[in-house]
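The following block contains the structure, expressed as structure tokens.
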Amino acid sequence: MSVTTADSAGALQTTVRKKPIQARYPGWFILPAAVIYSVLFLAPTVSSLYFSLTRWTLFDSVFIGFENFAQFFREPFLVQGLINTVIYAVVTSGMKVVIGMAFAVLLTSNIVARGYLRSVVFFPVLVSTVGVGITFTVLMHPTQGMINETLALFGIKGPGWLTNPSLALYSVALVDVWKGVGLATVIYIAGLVAIPRDYYEAARIDGATPWQNFWYVTLPLSRPATATVIILSFIGGLRTFDLIWAMTKGGPGFASDTVASVIYKQYQAGFYGLSTAGNVVLFVLIAVLVIPLTMILNRRRGHE
Amino acid sequence: QQTTLSLFSPNDQAAVAYTEAMIEAFEAANPDINVEIEVGPGGTERDNMVKSRLATGTMNDVFVYNAGSLFQAINPVQTTVDLTNEPYMADILNSFKQTVTANDGTLRGVPYGQAMGGGVLYNKKIYEELGLSVPMTWDEFMANSAKIQEAGYAPVIQTFGDTWTSQLFILADYFNVQAKNPQFAEMYTRGEAKYANTPAAMAGFQKQADVFNAGYLNEDFGAATLNDGLRMLADGEGAHYPMLTFAVGTIAQDYPELVGDVGFFALPGDDASLNGTTVWMPTALYISANTPNMEAAKKLVEFVASKEGGCDPWVEINAITGPFLIQGCELPADVNPAVADLQTYFTANGRTAPALEFLSPVKGPSLENITVEVGSGIRTPEDAAALYDEDVKKQAQQLGLPGW
Amino acid sequence: MKKQLPLISGIAAITVSFFVFVIPFLFIIFMAFKDRRQAASRDFSWPEGFHLWENLVEVVTTRNWMMITAFVNSSILTVVSVTLLVVLAAMVGFVLARRDAKWNGPIEFLILAGLMIPPAVVPTIWLLQGLKLFGTLHGMILIEVAYNLPFSIILYRAFIATIPRELDEAAIIDGARPLDVFFRVILPLLWPVTVTNIVVQSVGIFNDFTNPLYYLPGANNATVQLTLYNFQSQFNTAYNLLFTNILLITIPPLLVFLFFNRQIVAGMTAGAVKG
Amino acid sequence: MAGLELNRLRKSYGAVEVIKGVDLSIMDGEFVVFVGPSGCGKSTLLRMIAGLEEITGGELKIGSLVVNEVEPRDRGIAMVFQSYALYPHMTVYDNVGFGLKLARAPKEERDRKIRDAARILQMEHLLDRKPSQLSGGQRQRVAIGRAIVRQPEVFLFDEPLSNLDAALRVDMRMELAKLHQDLGATMIYVTHDQVEAMTLADKIVVLNAGIVQQVGSPIELYQRPANLFVAGFIGSPKMNLLSGSVTAVDGDAVTISGKDMANVQLSADAEAFKVGDMVTLGIRPQRLHLSGSGALVGQVVLVERLGNETNVSVSLPSGANFLAVLDGDHVLQPGQVVTFDFATSDAVVFDVDGIARYAQA
Amino acid sequence: MAGLELNRLRKSYGAVEVIKGVDLSIMDGEFVVFVGPSGCGKSTLLRMIAGLEEITGGELKIGSLVVNEVEPRDRGIAMVFQSYALYPHMTVYDNVGFGLKLARAPKEERDRKIRDAARILQMEHLLDRKPSQLSGGQRQRVAIGRAIVRQPEVFLFDEPLSNLDAALRVDMRMELAKLHQDLGATMIYVTHDQVEAMTLADKIVVLNAGIVQQVGSPIELYQRPANLFVAGFIGSPKMNLLSGSVTAVDGDAVTISGKDMANVQLSADAEAFKVGDMVTLGIRPQRLHLSGSGALVGQVVLVERLGNETNVSVSLPSGANFLAVLDGDHVLQPGQVVTFDFATSDAVVFDVDGIARYAQA
């Protein structure tokens, strides 16, 4: 016992300064990630902000002040793009949250063929965007597309899903949901399995119907998952353009352009300074929408 | 001692097939050089890649990239190797050299493929059946189309599923613009000529609107793709398809038995006496300034600039879509009718003009969106021209051109 | 009655999933079975003749067996990056979730920023060149880690809150150092989240093409998504081969998913604390 | 109407059988207490009644209905969980009121009932807290509160008072007894506290390893345990057990001898024994008194002076340990030799299978 | 060397002060039991000693070192959590052995210690189970096992036996006492079980609302409670408390009268009282006996027959309730009028502030 005492006495000297609670969760845990992230992501990204103030061909840059921002705000379809962006983000993230949750509930119950269903729901996540884009442009073809052909069986003349300017954005959003809901579902599944069964048992005893069970127990206790899904899919929705690009290129015309696809077009056109400025604007837009959202979602945290 | 060269190649199948065949021949001739091919994406994505590689000094030893305005945008004086004094340059046609001349007057590349014509691919069977002749003016074209429609065919094929295909009415019309306004390119570059106030330039938008308004388009023009368009054309579902002649290669590959039914004519203008086709130059092969294997790279370029390297492999893989730009390269006798049609424009005098992008660095990025709108009746030609002028202005400003 | 409910709902779910999920999938498969010509018309039709094998052979052998190189590269890239990601992100999430420090807010903002701003390609290339990491697999791995950290951290951070703090305390009393607490108690209990992370990030990294395109040039460094460009170009696409390729590169992530999916089971924390 | 009928009820977790055929009938309004050693299956049985555990075999009736396949919410039960299972995201108020909310009780009624329960459970000042801000005993009271605000036909309590201090336990016990009286509901109660079992129960069920050992009123179990297990289990400290063999059988009396005692004559079911049988003699520690002469002689090992009583641990000649609980405060020294006596009617004789054999009435 | 010194220790959760300045010194090797009503701060105090709760004010010494800022793992403690806090992903074996593994104990030693602990805790057959497959009491034993395999200088037990049945409790109590003897470690033990407190403690600390009420040996607390709170808290059932006023003061004796009693003469600290003072008279239920004549007369309300004793609840003239615990089995009917007597030295007199005033020795 004398040995242990000497030991702990030695340890005492060295640790006297630290606050015990903090020392339990030491800051250096963050360090490796912080180094990689700051060096390889933050530093280049921040330094690129300078280029938003230049006319930049990649080979050389000319400082032009805020001209790029002015130019960006003069984009003819910017307002429509903004509206589209918000619509797209709200529609996709809203549907992913709701459908993802529904799937997750279904796929954590003891439904038959659970493994099959989980795989099938997740499968679209695995397929490359290019493949999804082509697949759905075919299925949504106005005359020979499977969807409209099926509708025709019921005597309905299907619309031009991707060629009708007022519909194209929603069609792409639907495909985005189709492709992304599997991701939301697995996150929800992880959230649902983390809820101790005790609470369900208590609720069953308290007389909860399955719906009440969901509403009063599952929903509040899967808050971490919900918050994650909302934030990830909302930011994703505000930023994505790859599927839009693969399916409509922002068209027909400019009908399904979002801010991100406008920026992407500028980038593709070689307007590097302008697109960097656009990214700054988009970043501010996202931050303005997302930061309050995260604060609301994290206000009451976890199971505590 | 073995040198390994890395070649950044285009990714379309014909080009890759050519590249492989050409490399094989090259390696046979130069056993000490080993060439690796890297394929990347195409289109605008490729532009970004090439630029970022060049800007950061990470480009492959030799690379294939566009000539013309896109070539100017890669800062060729710093990023590529000067080939002006290479002896083989004498054998390369001037019309091409023009498009690979850096702003210090030096030559930087050699042709990597064949020239293409931009105009109208048409179905000869339909023309025969209805007894039509190749239109020399737009009015004739519309008259032909009316008859074709009566006969139950789609007179004009449009394929907005691949948005870029919608631009042909404007881009291929450049011969007509130039015929009327020989100074257009320069003035346009300086910001003095606009589409909206140059009637000849507006005409392209107008033509696209005409065919839509006349109801001449195939039913699914909004969703169809290039492949669909080519199939319709070859099958005889549709009669006219404004397109580049390279597409004949695709028809030859997918519908070899039908390729004989496809012909080519220039997009007609107002005046039958000023009829000619707009021409696209092939991509070019450049040496990256940062290559450590200069000697081997030069050998490769020299090879590509020769008949053995630059022409024979194309003939060998049977992918002829237009005339070569290297002296001494003849087209084989059995070329597809469309290519033969194209060839006639080249042999005649003054019936070709380079596309605008080889004459001016100014090209608005949104053209394809705008032409889709015009071609779908969403936007009037006047509006479209004005909008495109705005788009062009943005681009010119980004390029820092004087006068904008 | 009670026993049959899962069966009925299961059958309903299978039917719906068939239309919504399987049919598009069938399209992909059919495409892979077609020959070039039939595929070119890109319609939803029954394949005429069985061309899968020839398509496969062509896809795999094209460009000097590029597919094989790509598989190897992508696999290494994916496995190493995901491993690093999981560990590093979980550590950050752990500290962020457990500590109530003043600078949590700014840190979280920086993390979110990673999801909100696209990375700047050219400055990053300069940086990688400076670090002598450009065009190397390690450099690429670090890039993937850096770019995907925010997602993983956010996921972990949210879920660590569901693990009772008393377990940390018990471990600390048992003499565990922070690393022990983390690796022996917290991380095992986060298994469902880790699985989610592994699945999602492997898919993302395996299928990433933009980043390798810029940071990992060279034919020997090809990754699987780049193989798609062998058959798809602006002017001319071989859809049968493209879809065969898509199908082929979907298989490894699918296997990863099938393997890990079974591991997401309920009740990891059951029996831990009373209250 | 809300009596219960358990018929050969069985439960296995995989290969482990936990409840091995329990037969039990509980009358409407009865207060039944389950006791048994840790891990014997009390909670499992309760959870089966609640409908939370699938029943592997047998039949469970509540009222006149077989409920094996009936959802918990349709069984008309309320339950206090051994692990509390409080909803972590709700305040105490909401936790307690949750069942009422689900039943769509009017707001005022709900509020009244919640506040009533809080008063009874002495936790009115805690209503706005979350469970994580409560002490162990406070959480347990919330769990009780959640059950008692509702008025089901059957209450299930799983060790509801285990984390409360003595005073509160007594109060709560009284409140539960009162609740039982007022509502007339059937109550099934698991406890390991003998006093609770004895004072609350109409009927005690002693379980061991998933098998019912004895069912009876508290006093019956204390005075006439059916077997060695019940004898040892009921009563604290445990009944002392001494082994011996029968030396004489005579009418209603059996004479037993062993290492630690000589020729003790006891009343028992004489017909069950014959001379030479191995038997066990049971005698409660409280039934022993110090005396000048007596059947048991031993050496004091340990003395615990509790104030109003004194526990004396004694080592007998055979080496067996023996405990006596003496009234009042006695000063005894370890090592001291003491003699104990008891009334013959206070002792129980168990046969070789451990079954108690009482004299026929 | 591993004694503890608590100096004006304080703890607040936000605005709620939970520990309000606790002074306490615990000697090396002492067995100290904390008791107090639910929510009084026992667990909090234990957690502060363990280093799990930040100390808001005051100073805590273990051995001779101030440990306010020292990491739990460097304090040389082991602890049983009230909520168990078992590692859900480890088997019982690994749960118990986790601390040893972290300390890099050799495999054989670890195995031996784990198996020893399992034997002591009667859970050898459970070693391969996960916590979720255990009953409540079994989980609690795992939690104990986790603490006892290690050999720290200080053990902290938070209600470690609350979910065990009586027999097991007795066994475990013995084992803990033995462990204490064998290791000579300091033990701090929270319990709400009086018997546990009384039998295990060298010293009992009575807490109420974060304030120490009395510190002393078990018998001291029982016989000479320092104030009304301790008097009411220690001893079960509770001490009966009757209010009255002083009618005469005479040497060592004080005479008290009230609604329920007339002129009862008691020994107390006469100097603390003057005639007319309001006082409270305390008398333990066990100290009452039925008698023909006596100081207290009331009507039987409730009778609980436990076999070896009988609890009688009586209503006094003032309406106050009064409990008597009588030895043996008595048959009494509710409504019956009974008279109780007690020895004057068994009663305690509390002054108007609730402080007990004993006759000066």
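Per-chain residue numbering starts at 1, and chain names A, B, C, D and E are given in the order in which the chains are listed.
The working rule: a contact is a pair of C-beta atoms (placed from the backbone, for glycine too) under 8 Å apart; a residue touches a chain by one contact, two chains touch by 3 or more.
Since this is a predicted model, take the numbers as computed values, not measurements.
Shared contact partners of chain A and chain B, listed by label: C. The greatest centre-to-centre distance from chain D, using averaged C-alpha positions, is reached by B. By C-beta pair count, the most extensively touching chains are A-C.
Note on chain placement: the centre of chain B and the centre of chain D lie 93 Å apart, centres being C-alpha means. Per-chain CA centroids place chain B at a distance of 39 Å from chain C. Annotation: 56 Å between the Cα-based centres of chain C and chain D.
Residues of chain C in contact with at least two other chains: 42, 122, 126, 164, 172, 232, 239, 267-270, 274-275. Contact with two or more other chains is made by residues 71, 82-83, 86, 132, 136 of chain D. Shared interface positions of chain B, defined as residues touching 2 or more other chains, are 52, 55. By the touch criterion given at the top, residues 47, 50-52, 71-73, 77-79, 81, 83, 85-89, 98-99, 102-103, 130, 132, 146, 150 of chain D touch chain A in their complex.
Of all residues in chain B, those touching chain C in their complex are 6, 10-14, 16, 36-43, 49, 52-53, 55-58, 60, 164, 225-228, 231, 246-247, 249-250, 253-255.
Those residues of chain E whose C-beta lies close enough to touch chain D in the complex are 13, 35-39, 42-44, 82-83, 133-138, 141, 158-159, 162-170, 192-195, 198-199, 218-219, 222-223, 232-233, 235-238, 284, 286-287, 304-309, 311, 327. Of all residues in chain A, only 22-27, 29-30, 32-34, 36-37, 39-45, 47-48, 51, 58, 106, 108-128, 130-132, 134-136, 138-139, 141, 144-146, 178, 183, 186-187, 189-198, 224-225, 227-228, 231-232, 235-236, 238-239, 272, 276, 279, 282-283, 286-287, 290-291, 294, 301-304 touch chain C in the complex they form.
Residues 55, 57-60, 62, 71, 74, 76, 137, 140-145, 160, 162-163, 165, 249-254, 265-271, 273-274 of chain A touch chain B in their complex.
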